[in-house]
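The same chain A turns up in both complexes below, where it pairs with chain B and then with chain C.
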Partner chain A sequence: MAHSPTTRRRKKANRAPFLLLLGSLLILLAGLGYPILWQIITSFQHFGLEQQFGAPPTFAGLENYARIFTDDRLWTVVGRSLAFCFVNAFATVFIGLMVALIMRAVHGGVRIVIQIALLLAWAMPMVAAVTVFRWLFDYRTGIVNWLLTSLGLSGFDNYAWLSHALTFYFVASLIIIWMSVPFVALSLYAGLTQISTDVIEAAEIDGASRTQQLRYILLPMVRPVLSIVLLLQLIWDLRVFAQIRLLQDAGAPVSDTNLLGNFIYELGMGSHDFAGASAVSLFVLGLTILISWPYVRSLLKEDDQ
Partner chain B sequence: MSTSTVAPPARPVRRRLHMGTFAFDVLGIVVALTWAFPVYWMVLSALTPNARLRQVPPSFLPTNATLINFQRAITDPGFLPALKMSLMITLLTVAVVLAFAFLAALAISRFRFRGRKSFVLAILIIQMLPAEGLFIAQYKMLSTLGEDVPALGLNSVLGVTILYSAAIIPFTIWMLRGFVAGVPLELEEAAMVDGLSRTQAFLRITFPLLAPGLVASGVYAFLQEWNEFTVALVALPAGSAHTLPLWLREFLNASANRGLDWAQVMAASTIIAVPVVIFFLLVQNKMTSGLVSGAVKG
Partner chain C sequence: MKYKKIAALVAAASMLGLSACSSDNATDDASGSTGKGDGNITLWLAGSDTPQELRDYLVTTFEKDNPGSTLTIEEQAWGDLVTKLTTALPDEKNTPDVVEIGNTQAPTFTTVGAFRDLSPIYEELGGKDLLQSFVEVGSVDGKQYALPYYFGSRYVFYRADIWDKAGIDVPTTLAEFTDAAKKLTTADQSGFAMGGQDWRNGISWVFANGGELATVDGTEWTSTLSNPKTIEGLQMWQDLVMNASNLPTTERDVAYWDFINDGTNGAAPEASAMMAPGWARWSIGDMTKNDDGEEVRDGMVDDSKFDIFALPGVDGGVAPVFAGGSNIAISAKSQDPELAENLLKIIFSEEYQTMLGENGLGPANSKHVDSLGNDKFATTMIEAAAASKLTPAAPGWAAIEGAFVYEELFQKIADGGDVQALATEYDAKLTPMLNGN
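Take a look at the complex of A and B:
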């Protein structure tokens, strides 16, 4: 609406926008531009022990890429990351949708209680949340093992959840779902309240059952919100690093539990293979841009308005 | 005014829900309890003497509540330096980001210029980039830089501030752009007709209307960087430079080496979480009403 300025102003303000952008540009170039450039250059260089001690790096062509992308460890981690990302994103959105539908069906007081509980979980700092889950799943005195053994599942007596890859991922998924459902549920609930009650009343008069209302009215009408939150979850769950790193502190087998971010961390910080780490990093950045492209495009459209 | 056209007119739905509603209420309470439980358990454990915490069966209500665990956590030699580090980095980042992002938001919402579209596309893409795809290069950059200029190297406040600012600035520009676009240019122009200069009109008319947007963006940036872990992990390796999230991790690991005092660890978690949670709950309203008033025509 208020966008198009007059031509008079445009002429006068020729340099103004660039001056206004200068600070942000400098910060972005220093904090992101330079590291990305370094990463691109390094991924084409030999960057081994000699370079650590000051020898000039030598050009390596595609050698690093060939080495990393023929490494079985990488493909194991990529497969694992994709599986982890899909399972968690879909589980989060499904549970979030269920919670949103429940919020729509309950009395006002209960709804406020649910909202407060969701906001509590949403607001929890990630490191604190992981720490609490480590305590819940502590093998000696954790509440989860106590509960399961009390229910007669004696196999969980002193069961070390974080020492086995499968249960490790189960706990990691619980943390991620617990932390991400609030955003999804509250967004979807907001979307559901936008649906005009006239439409639903009309359906009721026509004799549509609750399931039919859900299937033919509610779900199609929240589909735009649903696809955006699903896309965001996919993007966010692909980059999971910190939760895994923090859970590994409990003594998990690191190479069996690494996701992509952790693999890069190990390569760079652990083995000082900066060239390999750069190659994998660029692969991850490319993958992210690819997945997030539809979202970026929808935001760009918003900018055009 | 936060009157809005989007207020949910959900009342009439109530009437048809008498029978099934009770079942949903029960289900809703279960959902609420499930989501609140980890937070409740954290606070409860923090208030319980560690000896009691090891007993079976566990107690679900506070018995013999004590503050000793909090005292132990706060008097940990790493706590105060970490608090100081977190405050310095976060406040500096918020100041830098708000100032620069605000100017950039003005540029892209009030001016049409060559390269504008590319800039908008760039910040949209950049805000999606994961820290995990960049942090090794950022570590390398700071460690190289630190050899010549220690004030910008690893373990420095300024070094991390640059990385944090770059990470959060694209989203902040995008958020502020919405607020700036929500203030009609006509208001400013009217003031200019009344004899104010362009700068005066901006400072007296537009800027006050943008205050809620600046607060919301500032709070968002604050919470993001206050809780940040991944970049801090590589950029602040020295124990003396740890921020609060890194301190909590160290506190837990150190406790694990001594047989794990979960009561103390939960007290440490609570100390970190409670201010953030309260802050988040307080501004939750302001942020939404700020967003709504940004969308409402003056």
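Take a look at the complex of A and C:
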């Protein structure tokens, strides 16, 4: 997001970004263009298991969309997914920011320990991480229940965390936040290191308190990074799928804990309603654009300034 | 400045694209299955039910009988099986040649033409001697597409020492069983361990009361949960689960055997009884060492401590339990169908059928059922299997399983819901699904 020094130079470099983007653009078109096109076509057809095995699909018009949008299940899942996505994205970015500030404040040795810990959490394969959390929260043998009951909270004796939607989402959020904080923390820390020490020193001389430094200097200066990681978190948390699915496999009320990704999977792969699943997927694509639009616009505005 | 705008848009679009893509397409990580007509065939087995010894036998025998060809056996998890078959079978480049499939899942695929017609070799593979209920579930219009692979049945495993100490005899009716299980229930011990979503065991109570999950008229399926007999069975099961099981009502695939084994350092077991397929025996008993020096369960050697009985019926006798087991079929898109048929011939040979029986899996060919032996495990299994029932062979069955509809219904019942109201609600939901709409 650095501003180019002069207008003249900017004009000269006109073509380079396009050339740089070309490679990834071609791969994206090949990798994503076909599936999206297939989804759009399928969402206007009657497409079930028979069609998957070779029967010719028939045109359905807007029937799939009408069916999906009048289904109460969809709107419950949409509301739930949005709430889940916003809570998790903001919590992740907040915790990530705190960790980044701690890393900035501590000595080199401690910082390296924190960085290694973050990288390990980040590098952990997701299935392994979810399995560990399932063990931690197991109602019979989990260490969490053991700790809580040892502390005298007898209500947690054999408490089934995954059996109730609210505690289910609590565990799911823990896993997701735990796995996403490293990316946010490291990105923000990288952003923070770019802030010149002169600025901070000047602020200190002027008598700015720590909170004032954070609010008026650090945060505005890492704002571009902050908004891009928040945008990414929102998108990632809206399409969360595997963590929820793996937790459901441990025994949970399935329809009460489905998020959009799981709903689409259940519709498509579970019930072989590929047309309906495509329609919901395209709806989610629209939803994602809607959520991220304000950010994209503000990014564009920043560029214009 | 315009190019930056475009660049930002492209970057944003690519992120959105990533999200759209991964929210829909199921990852197809089907491994390098061969299907190129190159003489190498692939067999998909479901779960770990087929022991290693039998797998080795299949590979060596096949490769000996078909020089130059190879057989690769890949194990698929039961939970992902339908999904993997849905994506792999229509693709001639990636389809497995021979697949094992749950008996109740077979109609979903036979009705859409996913399997090869086996009627030309049906007689050669055993014909009328094959387990007929399984043959029917894999047939469409009188042609066989999926044949029985093995059958199993469920019966009750219980802690004889605990029942004796409490002075409770083996029950002879289903009502007696409920009473016994309730008496043996304390805060730390389930009389009968049963997860709330575990409808595969739960439907035994429906069948025992003469109820059905669904009936068919011609080709039109109707969910019959509101049938008075079905309701009676569901209420009986509700009474049992609510008053004799301490398990969460969300439990579905439970390793029940853990519950009747002694805990660590000889701690009391968590349940006095549970219900499971016969092979669960090898996960039950006291600790012992096998030939390789590994710690294993002894398979219920001490019969004063661990014992079994078939689930009793409402008026005595044996209750009809869910008939477990699987079918086996050849993919319609297999590039080596002759070799695949050769493999089926090995599977239905006397030698392999006998090996199935010796390992506690009910052989598909009734002529070889005596290979199961004649100890109590074999006789109880055969007795329970004789009375067992299959779930409806409706085209939409796998879709219902895939959407966890019965899991949800049984959980609500186990939570104490009004059975009558739930039955009406789910009948309305299930009837269109059964017919594949």
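Assume the second predicted complex is superposed on the first by the 244 of 305 C-alpha atoms of A that agree within 3 Å, B and C clash if a C-alpha of one lies under 4 Å from a C-alpha of the other, contacts with A are read in each partner's own complex, and residues count from 1 in each chain.
Heads up, the rule we're going with is that a residue touches a chain if its C-beta (ideal position, glycine included) is under 8 Å from a C-beta of that chain, and two chains touch if they have at least 3 such contacts.
Nothing here was measured: the structure is a model prediction, and the numbers come from that model.
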Classify the contacts of A:Ala252 with the two partner chains as first (chain B alone), second (chain C alone), both, or neither. second
What's your read, chain B or chain C touching more residues of chain A? B
Of the partners chain B and chain C, which touch A:Trp146 in the superposed model: first, second, both, neither? first
Which of chain B and chain C A:Leu299 touches, first, second, both or neither: both
When the two structures are overlaid on chain A, which partner does A:Leu32 contact: first (chain B), second (chain C), both, or neither? both
Touching A:Leu162, do we find chain B (first), chain C (second), both, or neither? second
Is A:Trp178 touching the first partner chain B, the second partner chain C, both, or neither of them? first
For A:Ala202, decide between first (touching chain B), second (touching chain C), both and neither. neither
Is A:Gly268 touching the first partner chain B, the second partner chain C, both, or neither of them? both
With the two structures laid over each other on chain A, which partner does A:Pro125 touch: chain B (first), chain C (second), both, or neither? first
Indicate the residue numbers of chain A shared between its chain B interface and its chain C interface, in ascending order. 14, 17-18, 21, 24, 28, 31-32, 35-36, 39, 235, 238-239, 241, 249, 260-261, 264-265, 268-269, 277-278, 281-282, 284-285, 288-289, 292, 296, 299-300, 303
Please output the residues of chain A touching chain B within their complex, sorted ascending. 1-5, 10, 13-14, 16-18, 20-21, 23-24, 27-28, 30-32, 34-36, 38-39, 42, 99, 102-107, 110-111, 113-114, 116-129, 131-136, 138, 141, 143, 146, 150, 178, 181-182, 193-194, 197, 200-201, 204, 210, 235, 238-239, 241-242, 245-246, 249-250, 260-261, 264-265, 267-269, 274, 277-278, 281-282, 284-285, 288-289, 292, 295-296, 299-300, 303
Which part of chain C faces chain A closely enough to touch in the complex? 1, 3-5, 7-10, 12, 14-26, 79, 83, 86, 89-90, 108, 112-114, 195, 197, 246, 248-254, 270, 398-399, 402-404, 407-408, 411, 433, 436
Chain A residues within the chain C interface of the complex: 14, 17-18, 21, 24-25, 28, 31-32, 35-36, 39, 48-50, 52-55, 139-140, 158, 160, 162-163, 231-232, 235-236, 238-239, 241, 249, 251-255, 260-261, 264-266, 268-273, 277-278, 281-282, 284-285, 288-289, 292, 296, 299-300, 303-304
Where on chain B is chain A touching in the complex? 6, 8-10, 12-13, 16-17, 20-21, 24-25, 27-29, 31-36, 38-39, 41-42, 45, 53-54, 56-58, 96, 99-101, 103-104, 106-113, 116, 119-121, 124-126, 128-141, 162-167, 169-170, 173-174, 177, 181, 183-186, 226-227, 229-230, 233-234, 245, 248-249, 252-253, 256, 260, 262, 265-266, 268-270, 272-273, 276-277, 280-281, 284
